[in-house]
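Paired with chain B in one complex and with chain C in the other, chain A is shared by the two complexes that follow.
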Partner chain A sequence: MAFYIFRRFVNYFFLSLIATCLAYVVSSLALDPAAKYYGRNPQPTQQTIDNILDGLGVNPNVPVLQRLWDWLVNLVVHGSLGTGVNGVSIGDQIISRAGVSLRLLLIGSLIGALVGVTLGVWGAVRQYKLSDQVVTYGSYLIFATPTFVIGVLLMIAATALNGAAGAQLINFTGEYSAGLSGSWWDLTLDRGVHLLLPTIALVLIGAAGYSRYQRSVMLDVLSADFIRTARAKGRSRNSALVRHGVRVALIPMSTFFAYSFGTLVSGSIMLEIVFSFHGMGEFALNAISQSDINAVAGTTLFVAILILFSSTLSEVLYAALDPRVRN
Partner chain B sequence: MSQTVIEPVSENADASTEPLLQIRDLEVGFQTQHGVVPAVRGVSLTLYAGQTLAIVGESGSGKTTTAQAIINLLAGTGKITAGQILFEGRDLTALSAKEIQDVRGRLIGYVPQDPMSNLNPVWNIGFQVEEAIKANNVAQGKAARERTIQVLQEAGLSDAEDRLKQFPHQFSGGMRQRVLIGIGLSARPKLLIADEPTSALDVTVQRQILDHLGTLTRDYGTSVLFITHDLGLAAERAEQLVVMYKGKVVESGPSQEILANPQHPYTQRLVAAAPSLASRRIQSAKTAGAGGEAIFSEGSLDATLVARAAEREADAAAKDLISIQNISKLYRIRTKGLKYNELLAVNDVSFGIRKGTTTALVGESGSGKSTVAKLILQLESITSGQIEFDGQDVAGLKGAALLKFRRRVQPVFQDPYGSLDPQYNVGNTIAEPLLAHKIGSSKERQDRVRELLDQVSLPWATRYRYPSELSGGQRQRIAVARALALKPDVLVLDEAVSALDVLVQGQILNLLTELQTELGLTYLFITHDLAVVRLVADNVCVMQKGRIVETASTDEVFDNPREAYTQELLAAIPGGNFQFGR
Partner chain C sequence: MSLVEETNAELGSPVVPLPPQPLGTEVTPPKKARSRGRLIWWRLTQTSRFWVGAVTIAVILAWALLGPLLYPYNATGRDPLNMGLGPTQLHWFGTNGIGQDLYAQTLVGLQKSLVIGLIAGPLGTLIAAVVGSVAGYMGGVVDRVLVWCINLLLVLPSFILLVILSPLFKGLSWVFLTVFIAGFSWMIMAQVVRSQTKSLRDRDFVKAARYMGVPMRKILGRHIIPNVASLLIIDATLGVVAAILAETSLSYFGFGIRAPDVSLGTLLAEGTSAAVTRPWLFVFPAGVLIVTLFAVSLIGDALRDAVDPTSGVNRD
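For the complex of A and B:
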């Protein structure tokens, strides 16, 4: 087992390395970090621009493989991902932003998965009944609505609620109220309130997807022989479904859950922008729009690690649910 | 032979006692888009306490639906549309969901058909048995655990205590079936419904399990409603027989009477088609010189046997078409890490097959018989030894020579559902080998398909149909037609009729015999069913654990088996010694 895990992590190391190097090379070829300096007034001298670019390690006059090598050496020797165009270390920026993103995504996708799985099981058991139809059409509606529209609609609803209550019950701009001071509890509560709307949006989107998958997997399991056998033992229909059906139906979902979590970072760009959260999604978008090669490479490394972590998570979940793949 | 027919139990209930189970005019329908399709149409039967009653019929006859209706666990959209099911005088069809739930398991136990799919793969065995015990309130807590061990031990798993934490995939098919029997009997029900409990198992395992089930139910005084498609099994295991056909009961009464003297035409066909030790090799209608129905007639048999014997002697000097010398196959199975286990699947096997004859390769699953087939077909490489086909060593064949060999040796596989591409219509399926070997023009291929469909007795119109629209028997005919498309000399039939109902099985066996006479084919017939061997084979090789333990002519093996293992296999044939009324 230890050997297996070791081999797996060696594998992961090379996969992340390849992904990051490719991202570095592609962004170096596609982005022009010098462009924004030419637009400045007064325009800096070529010498100044070259000095800045050399300092960042992104001067297009240096061969791209040479720059990649320097970047990797710097990463290995100093543990640094380089410096962004704003002069701040990429590593520091990622650490502060990853916290924002992960807090939002972890809570949102976990609750979304739970709600979706429950709705899916419920829909399968009550197939074609009114409640199933409502859940089905509801999830189609959410699928068909762009993320930012959901965000804006939630904001309108929250504003109406605040107006009706005559007080600022729900805050939805930024991660916390600027300038708020108080006890640890007050600060945490404030952050929680700010998390509310984007989390609801994530839960809605997640639940819409999970409920469809879970419903179809559960429908397959419902007609399984062992469910009938469990009922022939004398169990009630509901307890047979819960004890024997749900766990089996969760097995394929574990893979789906883990991988969709890994790719959520890119998917949540829109939500972070709508709700003014300064997370990884916004960071990735800024990196590209500001031609920040180091930031693009750093973001790619972060996402690669997240996805590989998710793949490990999916296998752990799978083995926990299904004894046949253990050993 | 040790196995004898069980005498009718003397304590058969007299008419004065109330029946345990009485089904009256039961009708079950399935709701479809085109209205209700009836599956059970007016079935009545009576079962007394302590009795065993078997429902016999082919697949689709409604026997399983009848059984599931009793405990109201009909599949999908099934509904009881009329009739009564009286259990100890109480109408089960009128019970509420809660009440019938109380009957299930506690009063009526159920042993399902397929041990592979009826245990939940993600829960351990102990949990799944304990669940039955707790659900029926037989015992709770620690007592339930002890009872679980006891139930499993009674079902024949002596090391139950150590195996509670194991999962179904760590059990063999036979062990899983024992677990299911344990679950069915765990609450000591008054009635046990056993729906084809051993159809998925080898004959020897089947016999052990049915013997055990018989002992348990006799000890507990449990009545058994036994559902099977196997007439021999029914004759051997049940006192009462109900024959179902297309949702109706066509005949019922004491087993021995029905089998010895079947009244209904369907029962007569069923009895005639049931292979047993008593039957003889099928003769081609042309060889027999009589009509198609005379296949089993005793009159023409002796004459043809004599003729065949003479023929065989004349051919004695002839060379074998396939000659297998000391072949072995070693598989390396990866275990933990980098370690390997070696498995000698085929161990020093030698035999020969003469042109135009049928050699049967018999054994339990895991005996290596299918591996031998794969080696002969050159689908796997041999580890050592030599296979000669028509005087040529086949191991070294490559490219064009291998293609030529493939043209002459064709396989037919077990599962007619899995071996046909669902997206290919019948015409394309049969023409595919011709296309693959680039034989003939489009027109010529079409003609060949017509000829082949004719040979396997299917209408020309079948060519546009898809496998899902055909029955199992029709599909197996297509598989045979496809194998014949290249005009091969040899057919390797790997359990080719094992998945089929007796009647269909009989038809395919007849077809194969006709084709053999007509086209001079050589068959290697692989099966676990000795009764079928009797019908088609000239020679038999019995395999056990990768070795051939006995090789002889069919008559020698059946009349005078030399090896203990062969005798065991013969004894395990259900209803083996039963005299069918033919």
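For the complex of A and C:
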């Protein structure tokens, strides 16, 4: 099993690596880091501009593959992701922002997966009953709503709630209240309240996808012979469903988890921007608008590593659930 | 979302055998068996979801086309006497801060979003059909290379790829945006088509055609694609939803449609800052968008059930 997972990890590792290189090349071709210096008044001399761009390693006169190679060597030898156009190391910027993004992403996707799997199993067991219909149409409604609309609608609802309560119950702008001081507990609580709305939005998106998939897989399992066998040998219905049904129905879910993680990453990036968190989403946005090639490459690497870990995790889950893979 | 449907559809065999033809004589032509297409259509018309979705979409299409003709205000003109007002009899959806009519703007934005969705969705399906069937049919090195490319594109979320590429289509028209959206939405469907093609390739009718010397292009067009057509129709329908979602999201964050063009995404971006104080600026375009996409998803869902009625029947 260890070898199997290792092989999958190596496969994903190379995919992520090449995807990052591809993103580096594409962003080098798409972005023009020199443009903003030409727009300055007084305009710096060509020599100055070249010096700045060479210092950042983004001079468009150097062949792009040469720059990519330098970037990779720098990453492997010095563990550095280069310097951004603002003069701050990309690695430091990402480290200071990654926590914000990871917190939202991890909490949101875990709760979303739990809620989705539960709703999916429940919907399959109670197929075509009212509760199943409500969940089904609810998830279609969420599919039909862009992520940022869900975020803004939650904001409007929270404002209405605050207005009705006459107090600031739910704070939702930014990641924490500026200038708040107090005990560790107060600060944590404050961050938790700020995290509430984006997490709800992410859970809704995740649960909608997972519940549909889990429901259809569970329906196929429910009609399988081994469930009837389990019932026939005297297991209660609930026990047969959970011990024999859900466990088998989770196997394809582990693969689906890896596929859908990318959707959740882009969803959480959008939500961060909507709720003005200073996370990786804002970083990526700024990188594009400032034509910061190193920052775009760093962001891509961050996302690629996330996907690498989630894919490997889903392979581990798959192997743990499905005894056929282990041998 | 798309993965859910495709895997769902994949669970049942898309190649349903036709009912046996009655042994007719040469004198009286045999009673024609109901073709698969007509069977699916018949099943489709039995579901209420399909009709709800189809009628809603028909109404929305007609509204987007005819609405501007039946309304006195246009999308760019200003009404200085009624700035920042909520919905009134004069301005049905209200006006924005500089007195532009939101109803007229919503209709223009809806047109643009619908056009982009209706082009990009089927275009993505077309790419998926070509890549998937070629990879599955040819096998060998071509297959490995194509599968590898698919996996590569799947590693990074397509939203991020589109954002990175956005400076490229900054100065270009919305047509390029449409092509880019289609270019990043075909991967999962291509995998499904590939696996179906691999199993079809060894069927007798395909083998017969191959041994008769029919070129690959014709085999794919005559035998492979028609057998996965139902999957492709579902994917094209749901692809419209995915494309409109991609367009509005990109435009909302400033990477898609740009001024002077208007889409539902740009309208929502403008409406967000005032979403709490002047909710109509956000709620009306958002509502129109959600109703449109919901209706298309209903059609897609009904199609999936019509194509594969045995999947997901609880026999407990």
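The rule is simple: the second predicted complex is superposed on the first by the 304 of 327 C-alpha atoms of A that agree within 3 Å, B and C clash if a C-alpha of one lies under 4 Å from a C-alpha of the other, contacts with A are read in each partner's own complex, and residues count from 1 in each chain.
Here is the rule we use: a residue touches a chain if its C-beta (ideal position, glycine included) is under 8 Å from a C-beta of that chain, and two chains touch if they have at least 3 such contacts.
Every value quoted in this text rests on a predicted model; they were computed, and no experiment measured them.
Asks: In the superposed model, does chain B or chain C contact more residues of chain A?
Replies: C
Asks: Just chain B (first), just chain C (second), both, or neither: which does A:Ala35 touch?
Replies: neither
Asks: For A:Leu321, decide between first (touching chain B), second (touching chain C), both and neither.
Replies: Once the two structures are laid over each other on A, A:Leu321 reaches chain B alone.
Asks: Scan A:Ile251 for contacts with chain B and chain C and give back first, second, both or neither.
Replies: In the superposed model, A:Ile251 contacts chain B only, not chain C.
Asks: After the superposition on A, what does A:Phe3 contact: first (chain B), second (chain C), both or neither?
Replies: In the superposition, A:Phe3 touches chain B alone.
Asks: Applying the document's definition of touch, where does A:Ser223 land relative to chain B and chain C: first, second, both, or neither?
Replies: Both: A:Ser223 reaches chain B and chain C.
Asks: Counting only touches as set out at the top, which of chain B and chain C does A:Val265 meet: first, second, both, neither?
Replies: After superposing on A, A:Val265 lies in contact with chain C but is clear of chain B.
Asks: Quick one: is A:Leu141 in contact with chain B, with chain C, with both, or with neither? Answer first, second, both or neither.
Replies: Only chain C; A:Leu141 stays clear of chain B.
Asks: Which chain A residues are contacted by chain C in one complex and by chain B in the other?
Replies: Shared contact residues on chain A: 223.
Asks: Contact residues on chain B for chain A in the complex?
Replies: Residues in contact with chain A: 71, 73, 75-76, 97-98, 101-102, 104-106, 109-110, 112, 114, 117-124, 131-132, 135-136, 167, 169, 180, 183-184, 186-187, 336-337.
Asks: Enumerate the contact residues on chain A facing chain C in the complex.
Replies: 12, 15-16, 18-19, 22-23, 26-27, 29-32, 124-125, 127, 140-141, 143-149, 152-153, 155-156, 159, 208-209, 212-213, 215-216, 219-220, 222-223, 227, 252, 256, 259-260, 262-263, 265-266, 269-270, 273-274, 284-285, 288, 291, 296, 299-300, 303-304, 307
Asks: Which of the residues in chain A come into contact with chain B in the complex?
Replies: Interface residues on the chain A side: 3, 223-226, 228-237, 243-244, 247-248, 251, 321-324, 327.
Asks: Note which residues of chain C are touching chain A in the complex, please.
Replies: Within the complex, chain C contacts chain A at residues 1, 3-4, 7-8, 11, 151-152, 154-161, 163-168, 188, 241, 245, 248-249, 252-253, 255, 265, 268, 272, 275-276, 279, 282-283, 286, 289-290, 292-294, 296-298, 301, 311-316.
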